[in-house]
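First the structure, which I've put down as structure tokens, then a few questions once you've had a look.
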Amino acid sequence: MSASAVHSLWTTAATAAEPISKIDSPKIEYGQLSPTLIVVGAAIIGVLVEAFVPRKHRYYAQLFVSVVALTAAFAAVVALAQGGYGTTKARIAAMGAIAVDGPALFLQGTILLAALVGLFTFAERRLDPEVHGNRVDSFAAQAASVPGSDSEQAAVKAGFTTTEVFPLLLFAVAGMLVFPSANDLLTLFIALEVFSLPLYLLCALARRKRLMSQEAAVKYFLLGAFASAFTLFGIALLYGYAGSVSYGTIAQVVDGTVQNVNPALADTMGNDALLLVGAAMIVMGLLFKVGAVPFHMWTPDVYQGAPTPVTGFMAAATKVAAFGALLRLLYVVLPGLRWDWRPVMWGVAIVTMLGGAIVAITQTDIKRLLAYSSIAHAGFILAGVIATTPDGVSSVLFYLAAYSFVTIGAFAVVTLVRDAGGEATHLSKWAGLGRRSPLVAAVFAVFLLAFAGIPLTSGFAGKFAVFKAAAEGGAAPLVVVGVISSAIAAFFYIRVIVLMFFSEPRPEGPTVAVPSPLTMTAIAVGVAVTLVLGVAPQYFLDLANQAGVFVR
Amino acid sequence: MENLIALLIAAPLLGAAVLLVGGRRLDAVGHWIGTLLSSVSFVFGVILFSDLLSRDAEDRTLTQHLFSWIPVGGFQADVAFRLDQLSMTFVLLITGVGSLIHLYSVGYMEHDERRRRFFGYLNLFLAAMLLLVLADNYLLLYVGWEGVGLASYLLIGFWQHKPSAATAAKKAFLVNRVGDIGLSIAIMLMFTTFGTFAFGPLLGAEGEPGIAGDASEGRLTAIALMLLLAACGKSAQVPLQSWLGDAMEGPTPVSALIHAATMVTAGVYLIVRSAAIFNGAPDAQLVVTVVGAVTLLFGAIVGCAKDDIKKALAGSTMSQIGYMVLAAGLGPIGYVFAIMHLVTHGFFKAGLFLGAGSVMHGMNDEVDMRKYGGLRKYMPITFVTFGLGYLAIIGFPGLSGFFSKDKIIEAAFAKGGTEGWILGGCALLGAAITAYYMTRVMLMTFFGEKRWQPDAEGHEPHPHESPRSMTIPMIVLAFGSVFAGGFFSIGDRFLHWLEPVTGHSHGDSPVSALTVTLATMVVLVVGVAIAYAQYGRRPVPIVAPRGSLLTRAARRDLFQDDFNHVVLVRGGEHLTRSLVYVDHTLVDGVVNGTAASVGGLSGRLRRVQNGFARSYAVSMFGGAAVLIAATLLMRAV
Amino acid sequence: MNPVNYLYLAALLFTIGATGVLIRRNAIVVFMCIELMLNACNLAFVTFSRMHGNLDGQIIAFFTMVVAAAEVVVGLAIIVSLFRSRHSASVDDASLMKL
Amino acid sequence: MSFPLLTATAALPAIGAVLTAAVPAARRNAAKSLALVFSLATLALAIVVLVRFDPDGGRYQLTESHSWIADFGVRYELGVDGIGVALVVLTALLIPFIILAGWHDADPLETGDASLSSYAAGRWRPTQGFFALILAVEAMVIISFEATDVFVFYIFFEAMLIPMYFLIGGFGDRAHEHGEEAASTQRSYAAVKFLLYNLVGGLIMLAAVIGLYVVAGNFSLTEIAEARANGTLDMATNTERWLFLGFFFAFAVKAPLWPLHTWLPNAMGESTTPVAVLITAVVDKVGTFAMLRFCLQLFPEASKWATPAILVLAVISIIYGALLAVGQRDIKRLVAYASISHFGFIILGIFAMTSQGQSGATLYMVNHGISTAALMLVAGFLISRRGSRLIADYGGVQKVAPVLAGTFLIGGLATLSLPGLAPFVSEFLVLVGTFERYPAIGIVATFGIVLAALYTLVLYQRTMTGPVKPEVSAMPDLRARELLVVAPLIVLLIFLGVYPKPVTDIVDPAVKQTLSDVHKKDPQPEVEAAK
């Protein structure tokens, strides 16, 4: 680069630096951010509770705070939606950092409900037998204590419980709320970290099988950090390309409506390499979160190792948030790049659908099985994402809503089936469950059928919606692949049903714990949503349709 | 009057229903109910007959339309009946002989605890047979056609505890089914060719010709050949004759009624009824005559070698029907005589079978003629009636068989040309052989020394005359066998009676009727003489001698069954067995194979998930690289 | 000197970090490599910020540092607990769950 | 808005299913009676439908239409044409018999030997569940006969699988040569096979359904067919063909058509006889029915394009099924293969594209339902007496149980379509209808009737005739309940054989409509053509 260019760079930089001096004070629309703010606030309160409330009251205090917060936040979301922020008054708030529009509100609502249901499973304390007269939940008595050590014994004896999980949950939720509504890459990244870090911790907190739990946490953490590093670098490159991290600006630059401000950059950054590489890296980070092949490999291990309530919450909410962000990124920032990323996403979707379904066939652990099924589902959702039509958006929204409740419900059922070593997650132990406790088996069968996409369950409606969108978006081959992998997937869902109903129960088989109303509610809600969305989905489809438009 | 036609069928049908549904409580009276209803049907027949006679020859066709059966688009099948001279003849034969045999069975089946059901089946048969001859369209005829098949199946297998009987019954039904293919295809052809398969429009009624003639000769030939196939099945003509011999497993009255007098002649009825079609297809007619000729020799030869009296008679039935088919194949020259021989044959063959039954009745159901001998002393009535039947069948001058068979032979020559000579020759030869084997039967059964011995349990059979209920029918039939032929032929009564339906033409015979008659006489004498030389002069060995190759072949039905067994049965078994294998391994295997391979793939892909975080990272890194590369590539292309 | 070179440096550092993640066993070291990658990103941000002549990049760099710090907290907590229960910080030892 | 008659016909059994399932285990007989009552009520309703239906009226009658999932262009649309009515009535008619025949099939077994755990296979048999599931299936089958909205049809076409799956896998036939363990493994294998085959078929159809939506924008059969007819909706040739294949595949699996048939013998062999009847006589009819209604109406051109191939497959089914039936050692599998052969006839008739063929096919569905029910149920009574499905284990039954043997024979004769019994009419119509247009195929198919005679008579001979086997010597004859099940079916067989006009009158107009949809006319007879 010539000296003059360098010179010009300096000078232009100087001139460009002018306006920086007069920054006007930021303007924050608290009302429109209220859902997030409520949750964050509650989380902080939670921390304070940990600090100041005596141990024996903490559980109830935390539970109370969290429930109230989540409910209030959901109410706020509904209020905003009622206020038309989802449709007509959709806008960008907080100095362009946060978008308040249909998809954001819909997804926030979904996440909040999922979190609420998940919270119930977190708070469940009837499944494990009482130790030393204390009710215990699925979380380690004292995370810091070494498994099997005296300190652990002491902690258990003292009846400690890790009530920190509640604030952690809330923080994670807060991050998830921001994630899909982030309107610049920085916010995106921060949200990503905000909801990832608590999840890393939650994974490590299992009461039983702690080694596996810690291992899961380590894997999740390292790989997650690795992925977010990629994301960050991608962000850097995009910033380099557009000179801004705001979605709107980047989009305009991509479309070429705004010429790159200075010619000096123009001749270095003239090519779109930065854009493409950057975009690819960000997308990769998001695909990691949704667990798409080949970025899925953490999923089975983490799902298996993490405490089951956490798994359920994570599987449901993370997917919702991540897909929300992915949608916004692809539809708002990179629509101009459609012809570049669509084929690539095709490939990802196909390998994800097939990979998830095929590998799941030979799984022997119910949690890993569900993990792989979640991978396959990620593939189906991707098919909807690829449609790049308003229908595509709404179908994905609907699918996410349907899927998250089925997932939480399914994992909640998994927490019920226990033997001496805690949850009996090995499939062989599930043999003949239908004979021992038909109701639980029947409920689980309903969830499995929903996963398999049998008509009259929400799974079918969702699958139909995304496939329809995909087909209309001209991705018929994807639909065919999707159908094939559904067939493969059906095989292992059926296998579990066969196992539960038609095969011999083991004499030393697991017992089915009688849960408290908390888990019951969680499961009941799951079943209800599954059936309602299966039989009469129209209302929710309308909702998703109204919410199908992004604000730019 | 028309409405009686339905009753004709209804009576025995009612009988069948009552007897079969009625259950044990009817055991006591069942047989009388059956007999009564069949004779009621006979009475109706007579009434209708007199009615027909009262009309003039041209409008002797009554039709009765009951209801529309299968109306689908252009496909219109009705349940309707047509009674003309042809069907009238059959009605009388069936109900008449049928009633007699009912009567006979009362005695014959006396000791069978399932007698009620036997009569039920007999009535069922009558109903089906009447439906067959009275139907006004081919589809309804098909119903009767299979109905008689069913009845014959039930009756042949009546003694189901005998595996041989069950097998024979099944065989009969199956072989008939093969024939039925012909009938159904023929009906389809008619439908596609003419858009109808009803007699009226097709074959013509009240004088004006039907549309049968309008079709191309090729089509007509096809239809005719299919009908012939059907006829072969039902009338045990080569190549579908194999079932008749085994059918003798059934009780003797059954053999008399179904497998001698009536059902087996249905094929002849079919051909004569379809005259309008056959007339339009000379090639087909030639085939018919050939089949007839071959069968008449085949049956006769088989009949010569059998020691089982019923099997011998069965062979003769086969060959007599061969005559009829031959005649029917000759076209207008022969139709009338075919039917005439059919009727006379109905009389004497039924008589012969009843006689045979009577003999078995007296001999503890022994059927091997080599264990008979000199029975004339013990059962005189049987001897006389049987003897008259014998004379009739060999064509002894003045008796029924003489007239009818003679006419057929004449007609065969009258066909003209070389085939005329060949057919006539066959017919003559047949007559000779007939004389031979019937004489053989006669001699082995009623003459010579008594050859029966105590059976396994040491029961010495005490040959005795049968009860009256059995002898009376035999006597009546004997009358028929003696006088029917003469009665028909004097003044060509039968010819004039039937002509309006079948039409008739005198072929120009190369040889005068007289010559033919003389020739017949000569061969007759020769046949009888040879038989007498073999069985009359020297005693009959109790154990059959090995005999010449021809004899052995004839004993085995000229290896025809062996052929069926090897080719059809064995081959079929192998085919099905291999197909079962294919279905299990191949068709099913493909599916299971795919499932297995997917499973295997899954197992292999699983390995990738090796639990090492770093390898996961590698896959992520690689994935990212691919992602980036792909994106750039997309832009490049 | 040409700011583009800083980008090359950033890319280099990032790659080094990534490679480290892939080849090193010790969890701590792996984690350090990730930190290195994050800092490579920072460098990139700052450079771009300079090129574009706006401050966004530099601000983001600060955010990144905070985030990195947070990650250190969480990460070390997890790794330490793992180390205490296994007496090994090797990521390869932690492979109970597979297939 | 008038009373939703069609909905009621489907809703009634559904309600019955729920109530029956709700009956406490102790009152199992109450559950049975309840189920029976509901099935009879459904039959009554079906007859009302039959009466209210006017053969010469509009194409779809008693229609109902409500918006359901507007977003997918789905409306809850019901309506019946002649074909639909016939099959609805058939279904409603057979279910009571099935329930009655299965009266004791789901009773919990008093444990024979203590060695087996109380959970052991077959012992876990919630009686009321059995009958509830049957009613559920009835509801779904009926509504899929009535649906005039493709999506609605598809949903119940698929959902049907689940109750069927539990009926097969949960209440299988315990008669097994290798004992109960083998029976239970065999059973779940059969259940899974059934489910997977049909699920795969269904999913492929799903793709086609979605494709149809993309092309047509809604699922209303009437609207689409109309649009196709007046050219406002034209599909690209290839699109139509792919969609057709998608639909046809699913139906061919259900029907089942060679070579997709292998699930049927397993399913029928391992399930209890009433369920086997349910499968072949009722559920499978949905497949053939759907070919007639959906394949032909939605994709006339593609149907014509595919006809030759399909006809060939159908003929293969006919011969192949019959030959395999001959080769079977197991009574129920034999009947299953016989059914495969019969379904070949039905499909043949449908795609012969002649009024005889299609009327015959429809009639065939009805008659086959009745005849198979008769034969299979009697076979079931036989098996339940001896506890074995192997033909070789029987012999001489007619001597000890003449009535059983007699009914069995009549069922068999119906299966070999003896003239005078109902199946003959339909079979002959199918043959004629095929022969009119494809003589060669018609002739080949005709050989099926010989093979039918072969396997039926062999079965009868081996089981019923011959010397009495010691094991069967003490076999009781049909009981009153069993006779109550069989007798009406036999009467029906004879009646429809002698006087099928009532059915043909209802079916004919619908068939003519369908033919006009595919723009086909019956060929003219040669002679008239000449004139």
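In this document, chain identifiers A, B, C and D correspond to the written order of the chains, with residue numbering beginning at 1 in each.
Note that in this section a contact is a pair of C-beta atoms (placed from the backbone, for glycine too) under 8 Å apart; a residue touches a chain by one contact, two chains touch by 3 or more.
Just so it is clear, the model here is predicted, and its values are computed rather than measured.
A.B. asks: Please find which chain has its CA centre nearest to the centre of all protein CA atoms in view.
C.D. replies: Taking the mean of C-alpha atoms per chain, the most central one is D.
A.B. asks: Counting only Cα atoms for the centres, state how far subunit C is from subunit D in Å.
C.D. replies: So the centroids are 65 Å from each other.
A.B. asks: Averaging only over C-alpha atoms, locate the centres of subunit A and subunit B and give their separation in whole Å.
C.D. replies: Chain centroid spacing, subunit A to subunit B, equals 81 Å.
A.B. asks: Distance-wise, how many Å sit between the C-alpha centres of subunit A and subunit D, to the nearest whole number?
C.D. replies: Here subunit A and subunit D have centroids separated by 46 Å.
A.B. asks: What whole-Å value do you get for the distance between subunit B and subunit D if each is reduced to the mean of its CA atoms?
C.D. replies: Going by mean C-alpha positions, subunit B sits 37 Å from subunit D.
A.B. asks: Note the residues in subunit B that touch 2 or more other chains, in rising order.
C.D. replies: In subunit B, 595, 606, 609, 611, 613, 617 touch at least two other chains.
A.B. asks: Enumerate the residues of subunit C that touch no fewer than two other chains.
C.D. replies: 18, 21, 30, 91, 94-98 - these are the residues of subunit C that touch more than one other chain.
A.B. asks: Could you pull out the residues of subunit A that touch at least 2 other chains?
C.D. replies: 218-219, 222, 226, 230, 300-301, 491
A.B. asks: Okay, what are all the chain pairs that touch?
C.D. replies: Chain pairs that touch: A-B, A-C, A-D, B-C, B-D.
A.B. asks: Of all residues in subunit D, which touch subunit B in the complex?
C.D. replies: These residues of subunit D touch subunit B: 196-197, 258-259, 261-262, 320, 323-324, 326-328, 354-356, 359-360, 396, 398-399, 406, 413, 418-420, 424-425, 428-429, 431-432, 435-436, 439, 442-443, 446-447, 449-450, 453-454, 457-458, 461, 464-468, 498-501, 504-505, 508, 512, 522-528, 530-531.
A.B. asks: What does subunit B use to touch subunit C in their complex?
C.D. replies: Residues of subunit B touching subunit C: 606-607, 609-614, 617-618, 621.
A.B. asks: Of all residues in subunit D, which touch subunit A in the complex?
C.D. replies: It is residues 67-72, 117, 119-121, 124, 126, 154-156, 158-159, 161-162, 166, 169-170, 184, 187-188, 191-192, 195-196, 199-200, 203-204, 206-207, 210-211, 213-214 of subunit D that touch subunit A.
A.B. asks: Which residues of subunit C touch subunit A once you look at their complex with the stated criterion?
C.D. replies: Its residues touching subunit A are 2-4, 7, 10, 14, 17-18, 21, 27, 30-31, 34, 37-38, 40-41, 44-45, 47-57, 59-60, 63-64, 67, 70-71, 74-75, 77-79, 81-82, 84-86, 91, 94-98.
A.B. asks: Using the touch definition up top, name the residues of subunit B that touch subunit D in the complex.
C.D. replies: Residues 20, 67-75, 79, 139, 142-143, 145-147, 150, 153, 157, 160-161, 163, 166-167, 170, 173-174, 177-178, 180-181, 184-185, 187-189, 191-196, 211, 214-216, 219, 572, 575-577, 579-580, 583, 587-588, 590-591, 595 of subunit B touch subunit D in their complex.
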